[in-house]
Structures are given as structure tokens and as C-alpha cells.
Amino acid sequence: MRAKLHLAVDPSARARGISSFNLVACGLILIAVLVAVLETEQTLVDQYPSFFMIADGLFFIIFAIEYCLRLYVAPLNPRFSGRFGRIRYIFSFWAVIDLIALLPFLLAGAGTSAYYLRLARLFRVLGIARLGRFTHAWRVLGGAFYSRRYELLISALVALLLLLVSSTFLYLIEADGQPDAFGSVPRALWWSVATLTTVGYGDVTPHTPIGQFFAGITAVAGIGLVAMPTGILAAAFSDAFQKQRGDK
Amino acid sequence: MRAKLHLAVDPSARARGISSFNLVACGLILIAVLVAVLETEQTLVDQYPSFFMIADGLFFIIFAIEYCLRLYVAPLNPRFSGRFGRIRYIFSFWAVIDLIALLPFLLAGAGTSAYYLRLARLFRVLGIARLGRFTHAWRVLGGAFYSRRYELLISALVALLLLLVSSTFLYLIEADGQPDAFGSVPRALWWSVATLTTVGYGDVTPHTPIGQFFAGITAVAGIGLVAMPTGILAAAFSDAFQKQRGDK
Amino acid sequence: MRAKLHLAVDPSARARGISSFNLVACGLILIAVLVAVLETEQTLVDQYPSFFMIADGLFFIIFAIEYCLRLYVAPLNPRFSGRFGRIRYIFSFWAVIDLIALLPFLLAGAGTSAYYLRLARLFRVLGIARLGRFTHAWRVLGGAFYSRRYELLISALVALLLLLVSSTFLYLIEADGQPDAFGSVPRALWWSVATLTTVGYGDVTPHTPIGQFFAGITAVAGIGLVAMPTGILAAAFSDAFQKQRGDK
Amino acid sequence: MRAKLHLAVDPSARARGISSFNLVACGLILIAVLVAVLETEQTLVDQYPSFFMIADGLFFIIFAIEYCLRLYVAPLNPRFSGRFGRIRYIFSFWAVIDLIALLPFLLAGAGTSAYYLRLARLFRVLGIARLGRFTHAWRVLGGAFYSRRYELLISALVALLLLLVSSTFLYLIEADGQPDAFGSVPRALWWSVATLTTVGYGDVTPHTPIGQFFAGITAVAGIGLVAMPTGILAAAFSDAFQKQRGDK
């Protein structure tokens, strides 16, 4: 019976696919995160105080049971078998995250301010990443990133250089007209990062023709800034997928 | 004669290419959608009331005839041959969409409010997607998406995590200065989603230097958010196109 | 001597590379376009009237000589050899564009309004595209586009559907609060196209929480809208480059 | 001992990896750049004047020592061995950049205005690019760019053409209503470049329906403008990575 439970609870127990137990757990974590996010909106908490109290309690009970179940079947996983296997499991990465996600409710009972609790509750989201443990996907993506770390680093350096060059130019050109927005390189960086990432808030824009000329060049360079890492990742993923096919 | 009509009317009857009948049908659907969209603009309807009445009637007649033609030749398609073939056709996906697209005009005669009619009329656009039935293109794209569903799911989870982390940071930093825009995580999410997708409306921006620092990091992370699915899709499509070439 | 001139003037005469004659011609065209663009700025024309008059005259003489040279060596190109070769050259695509680019100056002398002249002058830019004639690059890019025309068409249809669905949602939600911006589907389309293309002007944004929720989903869908054609093109180019390597 | 130092100091001495000496040097350069950037913010300099004075002096001493070390071990590099090897090293690209990065402090002592010093200090960032010398990454990326220079040039020309066409259209349509923003093609270019690069500041937007229609088309064309170079780079990188694998 514990073996059956292990197959349902431990995502790494199955060669492929996800058990319905873990699918439900993922869904519950997503809902719990949504509730935690909504709880920061004071007008909602004031309107439905009992809903959030009940939801917090319910999620604590559910995830506490889930934690106990995972701890119960842990020794069936070869990594946590043998003596001290359960203790090693408790200090494994995902178990610690599971525990951290349970803390806010306990700490609230201990009277800590709700402010940091909200932040801690966010760690629950990381639990969702467990979903990935059961596939090659994480390894494929991570391997692609790692194999092209130098190329990605170079494109990050080029981006940094572009950021500094463009913010320096705009600082030199626009500082006199708009001291608040371009009065120093750190201030001009706010405009520069918004432009190079093609976000373009538009709260700060150059007003002189020569400033707009350099801003236009920066915007075009921003396309390159997006294209380079995208191209590197696309090629790295393509490489990784081909290697994967070759292995089969 | 019905066989000839079948070849002209049924997009799946031809191995390659699109018949001029279906090309005209697609063009008419696009025009009908355009008219339906323009009809929501009250100033236009008030200015040219007869134009929209005539257009609606005309399109109903045209698409009713088209529906009857498709129903008439349906049994020549192996999928809808035999007894009850036509009835099976009526309940097939595209035939139902064709019928839904005809409903607004009939319901208008039945006195239903024009409000929902406009919404229903939008379904006509889906009819255009029939265009794709006759090529491998849908299958190639769909297959590429499906084969990399885990990688795409992971990048969606990373995006969700980035959304929550960045909105939480901005909420902690900017809540005091701009309670309307950053007073809770759900409110900060509006800024966060606009930044991470590199849309950048600029209606809400951080005002403190520390907030702008984290916003800059968020904007740079936004590039990664765009680059990752693009790279995965590029690699998946590349894989699919190569497999397709290998099959030939 | 004509053979030497042909080698220098006709971009298709060389197997690889670009002659210094054509490099200078391309540079001059770019400068001429720049001058034509600046000429639309009335304050500049008022400040330096003689500069623009001299520049226009000079560029006319230069490009007229270039046109005559090209016409003179045209018969050495196998496509335009034999009888009527020169006449066939005059009516070839690039020669017609060269001639159109010369018209504004002549028409100005004929007293036509300067308004359309400015527009016609823009055709000169197309002349730059001649640069591409001498490489495989155009054919490789064009072939890649053509080979994946169905996939690109499907992503265009998906984009159109997203545009209509998102603008309809925002119209239903925000029409009451902001009739000017979201009072009809055509009006909401302006917001929708700015969001889905991740441009995000921010002149029009949803104000209600539910509207912002759907706008956020639209912005995320916008990433897909950018990622899909980029991925298709990346895969198509990858395919084309590989085929090109295989041919060698 | 000098051989050991050479292995630690010269990035090209090692076949793979980066020595801890160079890792520390890179970290220090990044911190020095950060300090130089912060120094342009007058409010910070006024608040902590001694911090910036000490930091500038310290960085000068550190990088002067680094420069001497590199000069000391230079002859062990085959490129700079033999007679005049050190002198040839002094005039090599990276050594000149190292020297330029040291100049601001010396010039400040010579009484030059701080204005240009700040600009010169930016050159230090280029020193970080030395990081790349020790890997194939630069060569792979550069080779990919070079091998597809014609395709990238074509997409730049298409971008230029789109810029000019869209700004001309908006100038024709919106010039009457907004002479400040669209009164000439150069003015309309500011809007055009912001839209086509999908930056979208939103400080200038078309107000007429027909202007918004063309702006929407421009925004959609902007996706193509981003997708084309991204696709070309992705395919070129994919090609380069495959060639690299084939060489092993």
C-alpha cells in the first residue's frame, strides 16, 4: 500500500507523466497562491474576512497532510532510503520549500506581523516547480542554457555596454533641458533600460531633435538586444532537442 | 456534377491548394466580420442604417446557401458517407460553427437584444480557420507545440513566478508612495504584466530610485520571458520542419 | 572598355561582392533620401533654401548620368542582349524605379505641386534594394518565407482572431466607463493592436480591475503573437541555410 | 614564477576557463564602472565626497598595478615575444583600452574638466569584453553575424523602408491635426521608430481613425521587423553551433 502511495505521491517515482495526486496538489498550490495574492488587497480582506481566514486554515491543513504523506513515502525513493533517509529528505531542497510554505500560518499564530508573512507565502509558488522534476524538460532547458553560457554572457555584456553608452549620450544631450529625468547617468539609465528592453513607458522621453535621434538608434539597438539572446536560446534549444532525438 | 461541386466546396477534397470557391468564401467571411465589427460603432450605424441592414441580409443569404451546398456534398467525404452521414456532418465542428455564424440574423428576427448578437457574430471568424484544414501546416504547428508542451509549461511557470516576485517587490517598495497603483499585489500585477511582456503602457511607473532599479531588472527579465518561448518554438518548428523533410 | 564598365555598373555582372561604383551609388541614394526627408521640414528649407535647391539639382544630374550609364551597358547583360534589349531594359523593374526616382525634379520644373513630389521621391529608397540583386540573400529569405507561407498565414489568422476577441472583451467591459476609447469594437481595436504587438502606447488603458485582468491576458497572448512568426521564420531560415550548405 | 603569473594574468594563456585573477579583475572593473556612473549624480557626490575620492584613487592604484602585471608577463605570450614585444603589447587593442581607462584619474590631476573625464571613464567597460577573449564564444557569434551579413543588411533595408513609408503616411494624414508631432517626415520618424521597434512611448500618437489604422499596420509590421533579424540570427547561430559540434 505504501508502494502504491509512493507511486502516486513521489513525482520521481514514475518514468513518465504526472499522477492525479500531484496534479491536484499543483492545482491547490496555484489556488493557494492566488488567495495569498488577493489577501494583500485590504479592501477584499475587509469585505470577506471569514473567507480568507477559512481559506488560510484549510490550505494549512491540506498542505500539512501532503507534507506528512511525502515524508511517509520518502524512504521508498532510493535517494532517501536507508537510515536517516527521512531526515535527509527533510533537508532536501523541495521538502524545505514545502516546509517554508507552511510557516506563514504557524507564525501568524505566533503573532508575527502579517507583512513578512505575505512575502514568505510567495515561496509556495516555487513548489509548483516540482512539476518539472518528472520530465527531461528542465534538464533540456538547463543544459541548453549552460552549454551557451559564454554566448549569453557576451550578449549580457553587450547589453550592459549599450545601456551605459545610450544613457551617457542622453545624459550629455538632455541633462540641461530635463535635469530631473536625465540629470545624471543613473537617472538616464531609467529611460535607457525602458527603451533598450522595448518596454517604453514614455514617462520620460527626449525632447530635443538630437536626443530623439540617439533615442531612435537606441530603440533600434534594443531590437538587437532582444534578437541576440533569443537567437542564441533558439539555436541552443534546437541543438538540445536534436541531441535528445539522437539519444533515442 | 455533385462530385465536381464536392471538389470545389469541400476543402479536404483536394490534396493541395485551395479551390476558388473557398477562396471567395474566405474573402466574404472576412468582409462579413469587418461589417460586424463596424456595426458596433453606433455613429456609423446611424449614418448608414440601410447599408448595414442590406449587408446583414445579404451575408445571411450567401452563407445560408454556402451552408446548404456544404451539407449537400458532405456525403462524398468518406468521414460523412453512409447513413446519417449528413446528420453527423451537421454536428461536426466546422458545420456547427457555420450554423452559429448564421444565428445572429435569425435571432435578431426573434427579437433578442443586439448586444449578444454582436458577440455571436464574432464566431464567424473561426470559420476562416477552415482555410487551414487543407494543409499540413496546422498539424506541423500543433505537433511542434505538443512535442514541447513541458518546456513551454516550464517557461509559463517561470513567467508566473517572475510576475509574482516582481509585483511583490514593487508592492513592498512603492505601496507607500502610490497606494492606488501599488497598494496590493493584485494592483502591482497590472504594472508587472505590462513590464514583463514589454508592453509598457506607462500609466503606472515606479517613482522611487529603488523601485526603478527593480523595475529595470524586471524589464530585463521581460526580455528573457519573450526569448524563452520564442526559442523553444523556433527549435520545435525547426525539428518539425526537418522531420517533414525527412518524410518526403 | 564597355565590358569593364559593365562589370563595374551592372550588379549582376559579378559573381560575388559589390563594385565600388555601386557602393558609391548606394551611398548617394541614401544621402539623397536623407535630403528628401529633411526637405519636408519647412523650418529647415526656410533656413537653408539654396542648400536644398543645389542638392536637388546635383542629385538629379548624378542619377541621370548613372541611369544613362546603366542603359549604355545593359546589352552586355544576357537578359537584355539582342535587338530591343535596351528597350526591354528600360521597362525592366529596376530601370523603371530609377526613372521614377528622377521624375520629381523634372515634374517640379513642370510646375506640379511639391506635395506629391515628396511622396514620389520616396521611391528612390527602393533603388537601394538593388543592392540585394547580387547575392543569394534575397532568394534565401524569399524562399524561406514562401516555403512556410501556410504556417505564417495561420499565425496571421490567429493574430486576427486574438485582435477581435480581445477588442470585443474590452469593448464589453470598458465601454461604459470610457466610451471614447472602448465605445465600439473598432475603437477598442486601437488599444488591442497596441497591446498585442507589445507596442503599448498607454494613451488608452483599461481602468476597471476586470478590464485590466483581460488586458493582462491579452499582453501575455501578445508574447505568443510575437513568438510564433519569429519561431516559424527562425526555423524556415535554418532550413534554408542548411539546404544552401548542402548545395555547396 | 613569471610563467605561473602569466598563466594567471593572461586570459589567452589558458585553453579553457578563467583564472581567479581575471575573475577578480572583471568584478573590480564592474564595480569601478558602477562608481563612475554613480559619480555623475551630483547629489550623491555632495553627500559622500570622500567616498568617491578614495574609490577613484583606489581603483587607479589597483588598475595601474594590473596594467604593470600584464605588461610584465606579456613577452610570454607568443604574439608579444621577442624584441619590442612589450612595445607591441602596449599598442595592442586591449592594452590601449586599459591605458585609456587609467587616464581620467591622471587627467583630473592635470586639471581637465570633469565633464569629459566621466565620458572617458566609460571606456573601462570595454575592458570587461576581455572576458570573451578566452572562449570560442566571440568567434562563434561574430562568425554567425558575418556569414549572414547580407540577410541582416536586407532586413535593415526593409526596416529603413518601413520607417520611411510609415512616417510619410502618418505625416500626410496627421500633419494638419498635430503639426508639432507629425508636421514633417523627420518629426513623424520619432513616432515611427518608437512604433516599429515596439517601444511605443506614447508621447505622440495618431488621433484620427485613418491615422490609427495605418499606425496599427505599422505596429504589426514592427513584429516582422523584430522577427526577421531574430530569425536570421537564430538560424545563423544554429548553423554555427552545428559546425562547432562537427569540428569536435
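Lettered A, B, C and D in written order, each chain numbered from 1.
Here is the rule we use: contacts are C-beta pairs under 8 Å (C-beta built on N, C-alpha and C of every residue); 3 or more make two chains touch, one makes a residue touch a chain.
Here's who's who by UniProt: A, B, C, D = Ion transporter.
Keep in mind that what you see is a predicted model, and the values were worked out from it rather than measured.
Novice: Compare the CA centroid of chain B (Ion transporter) with every other chain's and tell me the farthest one.
Specialist: If we average the C-alpha coordinates per chain, D ends up farthest from chain B (Ion transporter).
Novice: Would you mind telling me which chain pair, A-C or A-D, is linked by more contacting C-beta pairs?
Specialist: A-D
Novice: State, to the nearest whole Å, the distance from the C-alpha centre of chain A (Ion transporter) to the C-alpha centre of chain D (Ion transporter).
Specialist: Computed value for the inter-centroid distance: 28 Å.
Novice: So, what's the distance in Å between the C-alpha centres of chain C (Ion transporter) and chain A (Ion transporter)?
Specialist: Chain A (Ion transporter) and chain C (Ion transporter) have C-alpha centres separated by 40 Å.
Novice: Which residue numbers or ranges of chain B (Ion transporter) touch two or more of the other chains?
Specialist: Those would be 186, 189, 198-202, 226, 230-232, 234-236, 238.
Novice: Residues of chain B (Ion transporter) touching chain D (Ion transporter) in their complex?
Specialist: 198-202, 230-231, 234, 238
Novice: Considering the complex alone, what residue numbers of chain A (Ion transporter) touch chain B (Ion transporter)?
Specialist: 33, 37-38, 40-42, 118-119, 122, 125-126, 128-129, 131-132, 135-138, 140-141, 159, 186, 189-190, 193-194, 197-203, 225-226, 229-230, 232-238, 240-242, 245
Novice: Under the definition above, what is the set of chain C (Ion transporter) residues touching chain B (Ion transporter) in their complex?
Specialist: Touch list, chain C (Ion transporter) to chain B (Ion transporter): 148, 150-151, 153-155, 157, 160-161, 164-165, 168, 171-172, 183-187, 189, 195, 198-202, 205, 209, 212, 216, 219-220, 222-224, 226-228, 230-232, 234-236, 238-239.
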